[in-house]
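Letters A, B, C and D mark the chains in the order given here, with residues in each chain numbered from 1 onward.
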Amino acid sequence: MNTHVILKTEGLCKYWGGLRALDDISLTFHDRQLHGVVGPNGAGKSTLLNLLCGHYKPTSGKIIHEGEPIDAIKPWAFARRGIGRSFQKTNIYPSATCLENCCIAAQRRMGGSFNFLRSRHHQTVLEELATNALEKVGLAKRRDQVAAHISYGEQRQLEIAMVLATSPCVLLLDEPMAGMGHEESLLIIDLLKRLKQEYCIVLVEHDMDAIFELSDQLTVMVDGQHLTTGSVEQVREDPRVREAYLGQGDEVY
Amino acid sequence: MLFQKRTERIFIWVFFPLALMMPLFLEQNTFYVSKLTTIMIFAIFVMSLDYLVGRCGLITLGHAMFYGLGGYIFVMIAPEYDAVNFWIYTFYICAISALIALVIGFLVLRTSGIYMIMITLAFAQMTFYFFSDSIEFGGNDGVFIYVKPDTSLFGISMFDLDNPIHFYYLCLLSLFNTLFFFRLVTRSRFGRVIDAIHENPGRTTALGYNVFVFRLMAYVMASALGAYAGYLFTMQYGFVNPSMLSWQTSGSALVMSILGGLGTLYGAILGTVVYEGLHYVLEHMTEHWLLFMGALIILMVILFKNGIAGYLEKLLEKRS
Amino acid sequence: MTTSLFFVQLINGLQYGLLLFLIASGLTLVFGVMGILNLAHGSMYMIGAYLAWYFVENTGSFTLSAIISAAIALGIGIVVEKTLIQRLYKRNHLDQVLLTIGMIFVFNALQSILWGDDPLGVQVPDALSGAVPLTEVVEYPVYRIFVAFLCVAIAVLMYYMINRTRLGMLIRAGESNREMVECLGIDISRLYTVVFAIGVMLAAVAGVAAAPMSSIVPGMGEHVLIACFVVVVIGGMGSIKGAFVGALLVGLVDTFASVLVPQLSSMMIYILMAFILLLKPQGLFSS
Amino acid sequence: MENNRKLSHLLLAGALTGTLSAQAVAASDEPIKVGIMLPFSGIYAALGDAGRNGLKMALQEKAAELHGRKIEFIEMDTEARPERAPEIASSLLDQHNADFIIGPVHSGVAMGMIKVLRNKDTVMIIPNAGAAAATGPLCAPNIFRTSFSSWQPSYPMGKVALDNGYKRVVTMSWNYGMGRESLDAFEESFTAGGGEIVKKILVPFPKTEFQSYLSEIGSINPDAVFVFFAGGGAVKFVKDYDALGLKGKIPLLGSGFLTEGTLEAQGPSAEGIRTTLHYADALDNEVNARFRQNYQQMFAKPADIYAVQGYDAGLLIASAVNRLGGDIEDQDALIKAMEEAKLFSPRGEITFSKAHNPIQNIYLREVIDGENKVIDVPVAALEDPARGCKL
């Protein structure tokens, strides 16, 4: 098992006024592992992802990427360091083709964005990168279709492809299976299984079966607090987890 | 292909050859030549605004600031009674206004939406009053430029700016170049990022683009071209007045841009020609032309959702 | 500046600010509830002033004229909303800008056709024609004090209406969530018509109130419009409280700037606005 | 080619305009084309309207003296927008081949027009704009003015103020050319006679919030106040002056435009204001009486200074056409005829200076019972110094 730590948080807090959305979270994320994060609604999972990708600034605490603290850098600089994310609500460019969606992403990696004159279509390497990303998620056949016209599940796949096209090292995925049918979910699970061979993945998901199946490490959060982290078995056995879910009156999925 | 839309290609093939031949028909009538020249110049300005508003999603009600600055920068830096070189001063004016746009854009682009409309207006009003209250720059009455620049490049003079026909061709060329330039830019990789930002700025940031810097670049570019249009306008009659900077100028440019079809670029030409043409016809027909102009604008907003260009595109689509 | 002059200027600034508030309140109300940016708001102010003149000439009574003018403005508001504005709710701000610029043209033309282009004036009603001495030379007319109080009264009334009445509840709900209001079984389009008409009426009432202390001329609406925008943006678009604070701020800054820094006075309110927006990009009291 | 040209005219007629000008016809049958470039919309619309009425009335009255030439008017709305002025001027010049171009009201527009029309093959007659430059540094053989230079109405007021024993005066106007020039002219004669300008207030144009300035004047408490304002601004100023209690305590003097065309709107606030101008409604002479009566009949409203100035532009054209026997082809002769013209204007006799600015009486008027009553003629036949003019 690869134990190289890519991303680490130390005492991460995010307060909205008096509300503690996230309180003192210290976690480590390893390369080529899928790190699942679960918890009832309002546990602070999405807040955690938003902090990790730089969308929010932490109230206190540190985010360390490859040994360097990065919590003070700009949101866009997170992605430049290879921290890519997908959103809970599908977040793509609906009027562009799937290929173009990925090209936008790949171009950030490739550079040349301040080239005012050269045609955007004149770079085959770029299109190759984008096509590869589409192939990885199994969307090659939708390459030239407009993103708004493909199915919802495919749009979620496309979003992951876009993140892949930026050649990231960390993938932050916020409920990639939300709103999907069973068949589509299986496709994504399959995809994530392949991806975790290459990337460090942080996965927030409500689908318990999926997350138990996929996670190498699993963190449970409740009310913005860290409850436990461990392997799937450890978490499953932990009585506090049951209590947390049952005590909340929330369904266990 | 640079001009991707069929409507746009047809437009270019109809408009520019017609515009090229126009002076042949009009050699007797310098008025029409200069009227058309003014329209071309304003179309450049409208196009630069159209790029900002339609392509970048940056709505400004202060773009006339750069139109006016184009003229006033010339007044400020050129010697009063010596002919200067047109191309060198084109460079100066674009560079200086780009610099100003860089500073203003740095402040303005931190806001968005309706607030950006207002803060751009605020800066334009400030410059308006700066020149209108000044004494050395002619104040509210404006100021003359006595000598037209000469256009020699490497010793060859291509245009004689005192000749209205020459000047017409210079402006037509500038208009075509502006369209060509903006097409290049929209097709480029930079343009790809601008399109992405326009459609979904949040996503673009998450992909690692510094959205602010791209917007700033676009703002600087459009502002410099807006100033170039103002410079040409100043050249045409040798006259600068603060009203070039007024919010009414920004407003009417915005109207023309929306009328033509926002973000289509060539629509800016359509919008300007139609608006100015209507203005001209109505003004000759009735003293109360404002009434009809207003009513027509209202009708167009309600009927043509995507401007004239959008309407034409739809028409072509239906037929094919 | 002597202390007495300072106080006189303070009163000048407050009075100007209060009038600005009266005009701007309608603009910010319409924007806040309906999300409509009405550039023709200044024209309504102009129309109000012309109506006041017309009915004073024909009825001889300022009070009567004010009531008729306000009623007509309300009618104009309803008609304009039903025929034009209603078509624009689903469009963006730009189309609204275009439409309302068209309306400015039409109103300006109508003004010229109906009432001509000569500067007109309305005399201060007799009951309010006195003055209060402030210094040896300067005195303050009762009418202007009355208008200042009227503006405060309208501000209080609006505050009460928005916070205490059913209409106000709907307006507040409409600001935050259109669908919710519809779920409550309220006809949102009727609410919008009412709000727009009230906005128009407020502008027209401001025009009526201003008529006896200013000159009624073509284009008077456009100058006011820009000042109103500054007020509304400083306060935060859609916030009545913001408009009140913004108006007083603009009134005071403009008044004192014209005395203290005359070279910069015309730029001062724009500098103020740019400065505030840079510190608070959504204005002082944005919701 | 001829065909082509016709085609293009047709095309343009369709595309741009509804008018189609007839091609060359014998000169004498052709009407004299008079282009009118005045504001018919926007804040100066009333002034433009009056100027046009006066002009048309004069040419109608003098129709018999035109040697059979008809007059064709081409009217263009400047909207008082200076940036449009060059375009409209060149339209009248090149498209309509106007023989005379009458305009404008606004000095900024005048600058734009002069830029295009200076030394061109048409005669420009300014019926209002007082910018000193038009008959100063920018003067030209083909530019005439039938109104005034900014210097003329204000200069005599300095003397009047001194005669009344005012020593300390505050001056105030909008901060634009016409305003500043008026204040300077007043200051010139006033300080030459030993007066002191204690404060000069320049209000940004077109701001009409005067209260703060007036409060300040109240605290200075000068012997008198001299102002230049016109139109809507004049109405607002006079009302504010009264409302803040300055009226009756500090005498208000002004360039005559303060109370021209605005008296009705100003109401009782204007009573007692003294101004100097080259005209007064109640001027007691035969021409004026007839002029005012006819004007009232034709246009159903009283004439004003702007109508007079337009009227005189018409008189100037008529007298020149008459003297040349209807043939105005030779521009030099036309200009000479205009230079030597002597007009019997409602404002009294006027002739033209070398710089083509009228030499005219300046009247001291006082508002009494809502009318400008002439109480004195401080300077008769005043000629503008035309500084900078090389004619």
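Things worth noting here:
The rule is short, and it goes like this: a contact is a pair of C-beta atoms (placed from the backbone, for glycine too) under 8 Å apart; a residue touches a chain by one contact, two chains touch by 3 or more.
This one's a predicted model, so the numbers in the text were calculated from it and none came from an experiment.
Between the interfaces A-B and B-C, more contacting C-beta pairs are found at B-C. Subunit B has its Cα centroid 44 Å from the Cα centroid of subunit A. Averaged C-alpha coordinates put the centre of subunit A at 50 Å from the centre of subunit C.
If each chain is reduced to the centroid of its CA atoms, subunit A and subunit D end up 74 Å from each other.
Put simply, the C-alpha centre of subunit B and that of subunit C have 33 angstrom between them.
Within subunit D, residues 41, 202, 204 each touch two or more of the remaining chains. Chain contacts: subunit C has residues 108-109, 112, 266 touching two or more partner chains.
The set of subunit A residues that touch two or more partner chains is empty.
Under the contact rule stated at the top, the pairs of chains that touch are A-B, B-C, B-D, C-D. Against subunit B, in their complex, subunit A makes its touches with residues 53, 55, 74-80, 84-85, 87, 91-96, 100, 103-105, 107-108, 112-121, 123, 162, 166.
Residues of subunit D that touch subunit C in their complex: 41-43, 45-46, 49, 201-204, 206-209, 211-216, 218-219, 221, 231-236, 239-240, 243-246, 249-250, 261-262, 264-268.
Only residues 24-26, 28-32, 34-35, 38, 129, 132-133, 135, 138-144, 233, 236-239, 241, 243-244, 249, 277, 280-281, 283-285, 287, 289-290 of subunit B touch subunit D when the two sit together in their complex.
By the touch criterion stated above, subunit C contacts subunit D in their complex at residues 2, 4-5, 8-9, 12-13, 15-16, 108-109, 112, 116-121, 123-124, 131, 133, 135-141, 143-144, 213-220, 223, 254-256, 258-259, 262, 265-266.
Touching subunit B in their complex are the following residues of subunit C: 31, 37, 39, 84, 87-88, 91, 93-95, 97-99, 101-110, 112-113, 226, 229-230, 233, 237, 263, 266-267, 270-271, 273-274, 277-278, 281-283.
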